[in-house]
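Common to both upcoming complexes is chain A, partnered first by chain B, then by chain C.
Up next is the complex of A and B:
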């Protein structure tokens, strides 16, 4: 009896509590920078695509939503197409962890509603952004020992010139 | 019959239906308030048109009658529920002048009779649906409402004895000095509990307990037939609230403000109390409900009748 009345009183007092609801479209929630939302492909500081089409993201993806095909121009690898099916994506971020070149990144944006399901399949043009994303200075080809036009073998950062096997000098 | 009385008769059902519809919104907002959330607040000012939107939606829903149902009774049941509740309002005196038949000399008996008939709505709905859950819900409803009706009537005897009349108008007049809630506090408590059970509102909503019976007696109902049960339930809340106001809270009486405002204020706070009950209390088990009724409330109401009668006799003999 007393318990029941106490319950009534306590519930009534909740009228003066702050409401837990966030009025979403008007009141945007704070999303931390590492929030795992819409996936993007970033570019290196020179404006070239970072993705080298190594397929590690597609392998890491637990729901197989990433599909890509490698192509090559002047020694650089590129994806010929890069496709993410966002109707399958679970935003786990494994692709970002797997990526050796920081190309694929997750962003704090989740407002991707569509009326037609095929519109959720994002092509490379939809995924590519013009900037560098979370890693402003990183450029894969500047630290990797792969020769590309404009950079000879051994000219990368923290890389010594290759050893001349035919020379006897140390 | 004067033209104003005729106008009241015509306007009353419309007002009540509109009120019951708005109550669905009020309940959801109040529940939201007590559960630290908002409730419907998008359609119209403060979400007020949510009730209209729901009404339009439910009108356009497919009104399906199951092939295994007893068609005639199936259609009749919600109509009975609606009619009995609306008819009960005929004898409620809203103010001194407003009211359809508030001078009826058996007004209270009329309301009890209408509530008794209201049981048919749920029982017939449960029976004609011809399915397990509906039948179980209907059976529960029958047992609950019939047993709670017993001491609902008994608890009212105290009021009738003190006022010396079955007419609701006279009962309000008799409360000129003191509201009956003070001398009849026991009867008030019993009547309130019985009233909650009569409208099968939470915590006594066992006939429709959704976690064990689907939706109870209206499991098979859809479209506007379901809507009629829904509206009848809310109109029932208003009915019980206005009855409590009339019988125990002095009806339209009160200082300063006009009588109609007082009546609305008292009824409104009773409705809010009904919703608060829903927001806070869990549903008892079915045998607990029956035990509470027969083992606690019935003796209490008998005691109330006895004490009131004895005191009245003593006062008369002095």
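Up next is the complex of A and C:
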């Protein structure tokens, strides 16, 4: 008898608690910047594509939903196409961890519902954003050894100018 | 055999190897860089440090370089010793000090020996905080990309390029930290084996340039064991494909043939597969124009043609055995042509007969490397069979090996053996009309007209065996040369005589066979090797058929109504007048080919066939070895294998028109091979060239992708987001996906890529061998149709020498003897559709004896009219001969032939 009354009391007390229900979508929840939602491809601080088509995201992907093809302009590697099948993606974030250039990033956007599955296949133009995403200062080609337009050989961070092979000095 | 103790475990091992090899053979993971099975040890990189103990009581031990220490009885070594581990970790840390942060944009990444070894050593954090040394790169031509910053100075590239392949335009420059591997100045690497730098280099300094343009990581590509189609040597290759396009060709180890090295034509000649010249749909002439038509329409058209009159089939020496045989089954033996001119066919059939009758040995390429006296008779092997030329280049080292053995220097001690070898005389003797690339390492070269060389050959045979027919009227010089060569050959334990079809001379091959047979009386190891022109020349010679001349006669007589030409560009064999005749007299020409050749313009029906990377088939190389190639690409319909096209054509026929009973029922490649075995018993073993389509390991198919292939659920999703089952074929034991068995012990003919845990680069090959440099664990790849047993039987019968000795070549007034200048890049048909090979081939020139050219451009009158060619003086070329690039000036080039040569009249205006 006592237990029954106690239960009724406790249940009644909940009526005065703060409400847990969020009025989504009118009321948007707070998602931290490192929330793992929709995947984007970011750009360098100088506005060039960050992705160098190294394929590491594709190989890290446990559901094999990333595919791309390398192409090259003036020494810079680019993806010729970059495709993610979001109907397969499990938003594990392995691709972001694998990316050596901070190009592929997961964003706090999860609102990706579609009526037709083909609409969940994102191509490069759907993925590429115009900003740097979470890493505003990083540029892979500043540290990589290969020259690109605007950065001569030996001009990367912590590099000496090229060796003069004709010099006889030791 | 001896025993060594590695980290407390006893391993049986061989006594003539070094500790590094012994450790690798024992399955240990010991990092190394500068050592290579084919190049030996130099101890340059210091990476394979291990600890050796002087006895069981020795607790301290000493660090030694495993690659420089011979295996000794009961040696006690430790790989896991903490001091040795620290040593190796420090070495790799030093190597990585200047290594750029490039892996994401490096073509080697994912199959990089340096990555593997760095992970193996445990070096994962850079402590070096100072600046890195950088180098400028060079443009090394259309094949190889150069990125010097990635170098770790192991010296493998120059040791391969200079010492092994005989090149001289790649060298080490500068010193200490600045050491640089490249050319003296930018320019194309000239050696025919430059592409191997891609595989030899343990890092990404040298990478595959055509592959870089369509780059894909190793783990993403489907692999398939294949056989090179660009010459008759039959080097084994791995073809890599992704998204149903061929990406690259890699070397596949075959202990008997190509081993670790592939020539540039084989490595980069595959471009014809993806070229715009590919035929992808059936084409039919409608209202005088060739238009794409559906397959059903093409089949109806063919069925209509076949009812009207006789169908004759022309096969090709570049088509697979199955394709040729299915055509034979469709048209019948009486109407089956080999697609070769009478001269080519007779030469190929003679080569087969001579090899079958040869009482001595038929050496493999690897056995040729240990020949101690080589005579090349009238064949520029460096152009017609480049990999064979490289084997002969290695045979020159035999003397240095014997000297090293006497001096008790192990053969793998590379620098020491080469130093000893610098004093040793060469054992290579070359008698050719034109200079060859091997001349520089030959003991003796002599240039004369093909008939004169054949006469010298017959004379040598007579000198060795007096029962061979003599050659009269030799000049004293020639007689002395003959005596000298006969002496050398008779003194050798493993002599080898090489010739071929390059000059279309039966006498040359007869002479070669006579010498080899004469030697074989006393030296059973006397070897004979004959170079054929195309990848399946030998297979076709074993099948036989009509020559093109016979077909022409039938056509002119109006007996042929339909001509089926399979994978054959007749314009390369027939003169333009003959081709015009053929087109005029044969109402219907059906061309089944993968590439739009000039012949296709004349065809009333063109059907798209699968190229070597897209179908399965068997090729017989020049030594009679049947080898299977497998598909890496599943081509979209209507492209299909040659035999399937012919079967489709047969199915569309009214049974009364052609008796094609067996052909229609074939369900898979194995059924074709079974029928082939019944029809041609000599070719029956070809079915055993590789396991059949029903071969399984533990009930599973073999996988042709790595376990980590990516993009499975997305790669096709732009077409359809629904998952499709992976393509399958009943012809192969491979699954087209990453599912299935894969192990180092699988049959040698079925190795589709090399990868084992911790070894992702091609260096993983050592896990597929019991003994490094020995046969594959899974057994040999391919099967020899000309078995040694057959030779034993013929040994009872005495070899009958031919008495058909040609007269000496007598120059005639106003004409020159035109000889083919076969080129590595340019003379072969298919590779010339490949962009990098096209870029590498040079413009045709007319080679004339030095100091005989009267102007720098001359006009050569061939059958198809006059050709104006720039003149290139060729020192050593015999008088009254001219060298004309085969198939590059006149498309059909028959040789040797006499032609008029005159000054180009417009000479004055040009300058």
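In this text, the second predicted complex is superposed on the first by the 163 of 170 C-alpha atoms of A that agree within 3 Å, B and C clash if a C-alpha of one lies under 4 Å from a C-alpha of the other, contacts with A are read in each partner's own complex, and residues count from 1 in each chain.
The definition used in the following text is that contacts are C-beta pairs under 8 Å (C-beta built on N, C-alpha and C of every residue); 3 or more make two chains touch, one makes a residue touch a chain.
Please read these numbers as outputs of a predicted model, since none were measured by experiment.
A.B. asks: Do chain B and chain C fit side by side on chain A after the overlay, or clash?
C.D. replies: Taken together on chain A, chain C would fit alongside chain B, as the superposition shows.
A.B. asks: Determine, under the contact definition given at the top, whether A:46 touches first (chain B), second (chain C), both, or neither.
C.D. replies: In the superposition, A:46 touches no partner, neither chain B nor chain C.
A.B. asks: Of the two partner chains, chain B (first) and chain C (second), which one does A:14 touch, if any: first, second, both, or neither?
C.D. replies: After superposing on A, A:14 lies in contact with chain B but is clear of chain C.
A.B. asks: Of chain B and chain C, which one contacts the greater number of residues in chain A?
C.D. replies: Of chain B and chain C, more residues of chain A lie in contact with C.
A.B. asks: Report for A:4: first if it touches chain B alone, second if chain C alone, otherwise both or neither.
C.D. replies: A:4 contacts chain B only, not chain C.
A.B. asks: Looking at the overlay, does A:109 come into contact with chain B only (first), chain C only (second), both, or neither?
C.D. replies: neither
A.B. asks: Which partner chains sit in contact with A:158 here, chain B, chain C, both or neither? Use first/second/both/neither.
C.D. replies: In the superposed model, A:158 contacts chain C only, not chain B.
A.B. asks: Have a look at where A:101 lands relative to chain B and chain C in the superposition and call it first, second, both or neither.
C.D. replies: After superposing on A, A:101 lies in contact with chain C but is clear of chain B.
A.B. asks: Give, as a whole number of angstrom, the minimum Cα separation of chain B and chain C in the superposed three-chain arrangement.
C.D. replies: Superposed on chain A, the two chains' closest C-alpha atoms are separated by 31 Å.
A.B. asks: Indicate the residue numbers of chain A shared between its chain B interface and its chain C interface, in ascending order.
C.D. replies: none
A.B. asks: Can you name the residues of chain A that touch chain B in the complex?
C.D. replies: 4, 7-8, 10-12, 14-15, 17-21, 23
A.B. asks: Mind pulling up the chain B residues that touch chain A in the complex?
C.D. replies: Result: residues 32-38, 276-277, 279-281 of chain B touch chain A.
A.B. asks: Report the residues of chain A in contact with chain C in the complex, numbered from low to high.
C.D. replies: 52-56, 58-59, 61, 63-70, 72, 77, 83-85, 87-88, 100-101, 117-118, 120-121, 123, 140, 143-146, 153-154, 156, 158-163, 165, 170
A.B. asks: Which residues of chain C touch chain A once you look at their complex with the stated criterion?
C.D. replies: 100-105, 109-110, 129-137, 147, 149-150, 173-176, 178, 180, 212-213, 215-217, 219-220, 243, 708-715, 717-718, 720-721
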